[in-house]
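Below are structures written as structure tokens.
Each of the next two complexes has subunit A plus one other chain: subunit B in the first, subunit C in the second.
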Partner chain A sequence: MASTIHDKGAGRPIGLRLLDLLEAARERLWPARMAALTPWLFLLPAVLLTGLLAAGLIPLLDASLRPLDRATFRLAEDYALGNYATLATRPVYGVIALRTLMAGLVVTAATLALAFPYAWMMVRTPHAWLRKLLLVSLFLPFFIGQVVRAYGWLIILGKQGLLNALLDGLGLPPSSLAFTYTAVLIGLVQYMLPFAVLMLAPALTAVPVEVELASASLGARPFATFRHILLPMARPGIVAAGIVVFTLTLTDFAMPEIMGGGGNDFIASAVYDAFFQLGDAGLGAALGIGLTLVGSAVVGVILAFFGLGTLGYVEGREQRS
Partner chain B sequence: MTGSRKAAWIIGAIVAFDLLFLALPTLVVLVASFTPGTIITFPPPGFSLRWYADLLQARDFADALWRSLQVGLVCTALSLPAGTLAALALARFRLRFATGLQIYLLLPFTIPLVVSGVGLMLVFGRLGWLGAVWPVGVAACVINLPFMIWAVAASVNHLDPDLENAAANCGAPPVHSFFTVTLPAVAPGVLTGALIMFILAVNEFLVSLMLTDARTVTLPVLVYNAIRSIITPDLAAVSVVYVILAVAAIWLLDRLVGLDIFLKSKQG
Partner chain C sequence: MSEKTISVSRRRLLGATAAGGAMLAAPWAWRRAAAQEKPRELIVRAWGGVWVDSLNEGVSKPFSEMTGIAVRHDLTEDNEIRPKIWAAVDQGRVPPIHVNWDTSTNATKSALRGVTEDLGGLPNLEEMLPAARPAGFDGVPLINMYSYVYVLAYREAAFPEGAPESWDVLLDPRFKGRIALYDDGIGFHPVAQIAGGGTMAGVPGDMEPAWDFIRKVKEQQPLLGEDPDFTTWFQNGEIDVACTILSNARAARQNGIDVAWTVPKEGCKVDTDGMWIPRGLPENELHWAKEYVNFAMSQQAQQKWTSGLGLPGLRPGLTPPEDLKGDPAFPTSPEDFERLLSVPTRVLVEHESDWFQKFNEIMQG
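Let's turn to the complex of A and B:
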């Protein structure tokens, strides 16, 4: 106990004195024999906060098993699978589910195709200014919420918007993209692009540039290097980016709601409408549970094949498959 | 040689398209906010600050912005300790059920936002938390917590565990070691995470839509409601507030930790 940190002289800085106080409090509340439990204490706040979310699933699961009684407009007392049966039989939900799933596939493919070259250039460029430009261009929309960006797209694609002004200037007929499925997809790809690049970049950083150079110097054409070197080596990042983009698209609400003009709802809109417009909490809950299950199943299957990838919080033996 | 020249062209063209694609909505909002007319047309018929002047008069927008900032502060204040400690625990200790814990802590990400929103609304209702602004901050923290944990965990994975061992060896008790060795070492991740959490919370929309009423409405919800009725240039001026916030956050992030932190590999 001869270390300087324990010298309680008058010249001891105020910061250290404060730490001494904290240390004394810790000694009382969390004595050394509890040290083995410290990691669990560290986890407690995050576990409790996430618990609020988990707790919310219970009343939802409960409500999903109680069909609406049309006579009293209240949820039934007894459990039944009526809500899930309604989902399976009402064609409108099939249409919405298909529309959402299609969007998930198209947006994921388009976003990855646009994000990969961006991430590659950001990681590989020798010019600091270009890297900075790419980073800032990425973060600016990332930090501007979905509602504001959707508003921007409405101004671009609207009847008197930028796009039609440009088409008019070129002597071309005006387009009517606003409030279409295509508009929703455009908005979604733009929204997802920063997510995808940010998940791809660390994976590409992990690929040594020498491997690419070696491949090229051995005579591989750029596409062969991409196909046989980059793609397999950056796989964790590609998988993570794909999962993030696909699930975020599958569950998106704002873009189809704002850009779709009411006729291009996704599943999330159907959940919202069931709760707040139809007043049928049971049906809404069943839809929500269904959406959660589909999303989790997709993530689960991909993770089972590829491991937690860059989605896991820590690299560890447990996480590698 | 021709092959690599062609590849460079293709990559360059895609990246150029990306840059335009990413910037377009922001640029258009900026331009539209200075229009003198009551509808948005291109090219703008002139230059005017009238919508900004109107904005200064509009109490509902100022109030909503203030509420959104409160939401951001509550969210950051909660996620800062919760996310940092969780990331440290996950990365520094060999825990039982580590994989299960990670999956549990990824719940905010696997549960769709619309479901989280309804679920939190039911839970908050039972706890008597509805009708105030701070619970929206709690909700923003809950649904975005993975971002905080990711940011800190990335820093912890780079941290040399021998530093803490050395501190302990020199006789530093746990709290001293935590505040003088561990925390400074992971500070870049903590700062990055805190900033991202604040921005995400100020922008949070869908869950806020369900947790707020006319008295507690936040800015994104107010903008959303306004877009649904009619698209007027005053919204563009409101949106510029978000552009300014984003620019400030990026500048801070670059000054404090450097944007390059996002390029680091996890294995590094």
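Let's turn to the complex of A and C:
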């Protein structure tokens, strides 16, 4: 027996011996009797991260309940609802919140409408060159930051930009799209498109092409196949992409700042102004809490209405088995 | 001459020298740490573009040559560095910069919060105009360095008939969508007050004329931005008229952009910028930070720095840049200042945030 152990140790490759050592260490640190807890162990980093973010809301909430004392430029010691009263009574915050929410809805709808055919083509095309072209076109903007892209749009949409040069060449009147709400929405849709495509592509890949073929062979027109087969089966990806695009839009700062010309602020701009321009951390914190609540509420409604996205997909599969 | 005589003379000489040195050092108590170890570098917060270039040429570079201490400029926006400094001081950490070049209003807010070092006793402060010292404080928590004027900048090609005479030009339908203001309205509130039919006596109590005028300006779809935006917008032909600081307009013009400026009949807002040092620096770094601020007030530094900026320094005897001699946007005499609109810093500190919010309310509505 002792000889076997010796042989096992001496004759085995170093890689296997290293694995034995690691296995022994694992057994010491995480004995087999704790195997039932292993999935929770893998969840721990995510729980810690989420917990940290949730914990960060506590000082934010604390600050939001302390109005600014202009004599010392410090937050008051006593709790008060002054900052929330400011948000409720100053119409500007309602206007900005409405503008941001509207942008979230419009950008999400437009992005999904553009991303769906793009992702479908990328997944279904039999031509390798086309798939590569679509992938490169998708990833290229990822290498260019949001700020650079926004300035790029200003070069295109500006008064002396490419668009007006084109319109001028065609004998049409110039456009004044730059520094408008429309410009902000255009910039955001372009920024969000890759996120949506990347989330839709796996969902569409999971839809067997045979199902689409079967639908067509049974006489369904392409739109009917799209409506009754593709859309329901890709719903988890659509919901996930929609949530990501909506929340990213809701919290975006750079696009409205650069492309809005100063008159099309989103909530994130108001948070920035409160913290830095007004030096009022309490008001900024109240806005931050408000943004978190509004975002969470809207996402909650989306999930309640459309199902739990990819989680719902797994749940359905388990029910069938 | 006997040996003794020589010896006594030497003692007297040494004594007299020591006494003279002590006499010179007496008002400069802060110089007791003159032998302080030099830090590798000093970090000075600054604005970018012509602002940091002028500071570098006028103050930082000569200071480095004199002392051997490198000066690094931190271009973090003044409003963004403020909470970082406040948090550092509150938490007992070393602040992120040594010297903050700041608007006097923001600097006063930091002074009221108690995060600034006392700069009283810096030798060159004695040479500055009284306006260099902030009013209402026991000590000297900040030093005002120069005045600046928010002028009406315009594209000359858009005004073939000559410079606009009134801020009413902002309401001219010809310039709809082609005007620009600072995104918080800074520099524009007093002007709007007068252009809207009010008086400076109504600031801050009755500013409805200002808000009425700003509401009309809003209808003209102004662009709202910061210093660099104005230059870009003029350069790209996006705007024809803007309310901006003279330095920005002058720098744009010096760079070949079609920009001129004027002080309209209603006047322009005049304000000051200053320097302050955050609390919490190690003793030797504090010493050299004070040396830097002291040097910034010297004749040599003030002349070069403020000439580069095109702004009147708060030290007597400075020579105005050739291109700004006699320009009403470059005030040098009390009569010049009377033609401009000045709001006391204390009023700005107390009310500016409300004005920013009100301006924002109108522009975002």
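We take it that the second predicted complex is superposed on the first by the 241 of 321 C-alpha atoms of A that agree within 3 Å, B and C clash if a C-alpha of one lies under 4 Å from a C-alpha of the other, contacts with A are read in each partner's own complex, and residues count from 1 in each chain.
The rule is short, and it goes like this: contacts are C-beta pairs under 8 Å (C-beta built on N, C-alpha and C of every residue); 3 or more make two chains touch, one makes a residue touch a chain.
Given the structure is predicted, the values throughout are model-derived calculations rather than measurements.
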Which of subunit B and subunit C A:Phe275 touches, first, second, both or neither: both
Partner chain(s) touched by A:Ala286 [first = subunit B, second = subunit C, both, neither]: neither
If touched residues of subunit A are counted for subunit B and for subunit C, the larger one: B
Which superposed partner A:Ala234 touches (first subunit B, second subunit C, both, neither): neither
Contacts of A:Ile96 with subunit B and subunit C, given as first, second, both or neither: second
First (subunit B), second (subunit C), both or neither touched by A:Ala216: first
First, second, both or neither for A:Phe179, with subunit B first and subunit C second: second
Touched partner set for A:Gly158, first subunit B, second subunit C, both or neither: both
Partner chain(s) touched by A:Trp120 [first = subunit B, second = subunit C, both, neither]: first
Which of subunit B and subunit C A:Ala150 touches, first, second, both or neither: first
Doubly contacted residues of subunit A, that is, touched by subunit B and again by subunit C: 158, 160, 275-276
Contacting residues of subunit A [partner subunit B, same complex]: 1-3, 5-6, 16, 19, 22-23, 26, 35, 38-43, 45-47, 49-50, 52-57, 59-60, 113-115, 117-118, 120-123, 131-141, 143-156, 158, 160-162, 164-166, 189-190, 193-194, 198, 201-203, 205-206, 216, 221-223, 247, 250-251, 253-254, 258, 267-268, 271-272, 275-276, 284-285, 288-289, 291-292, 295-296, 299, 308, 310-316, 318-319
In the complex, subunit B residues that touch subunit A: 3-4, 6-7, 10-11, 14-15, 17-19, 21-26, 28-29, 32, 39-43, 78, 81-83, 85-93, 95, 98-99, 101-102, 104-116, 118-123, 138, 141-143, 145-146, 149-150, 153, 156-157, 170-176, 179-180, 199, 202-206, 210, 220, 223-224, 227-228, 231, 235-236, 239, 242-243, 245-247, 249-250, 253, 259-260, 262-268
Complex contact set, residues of subunit A against subunit C: 70-74, 90-92, 95-96, 158-160, 176, 178-179, 261-265, 273, 275-281
Subunit A-touching residues of subunit C, taken from the complex the two chains share: 77, 79-80, 82-83, 86, 106, 109-110, 112-114, 177, 183-184, 221-225, 236-238, 349-350, 353, 356-357, 360-361, 363-365
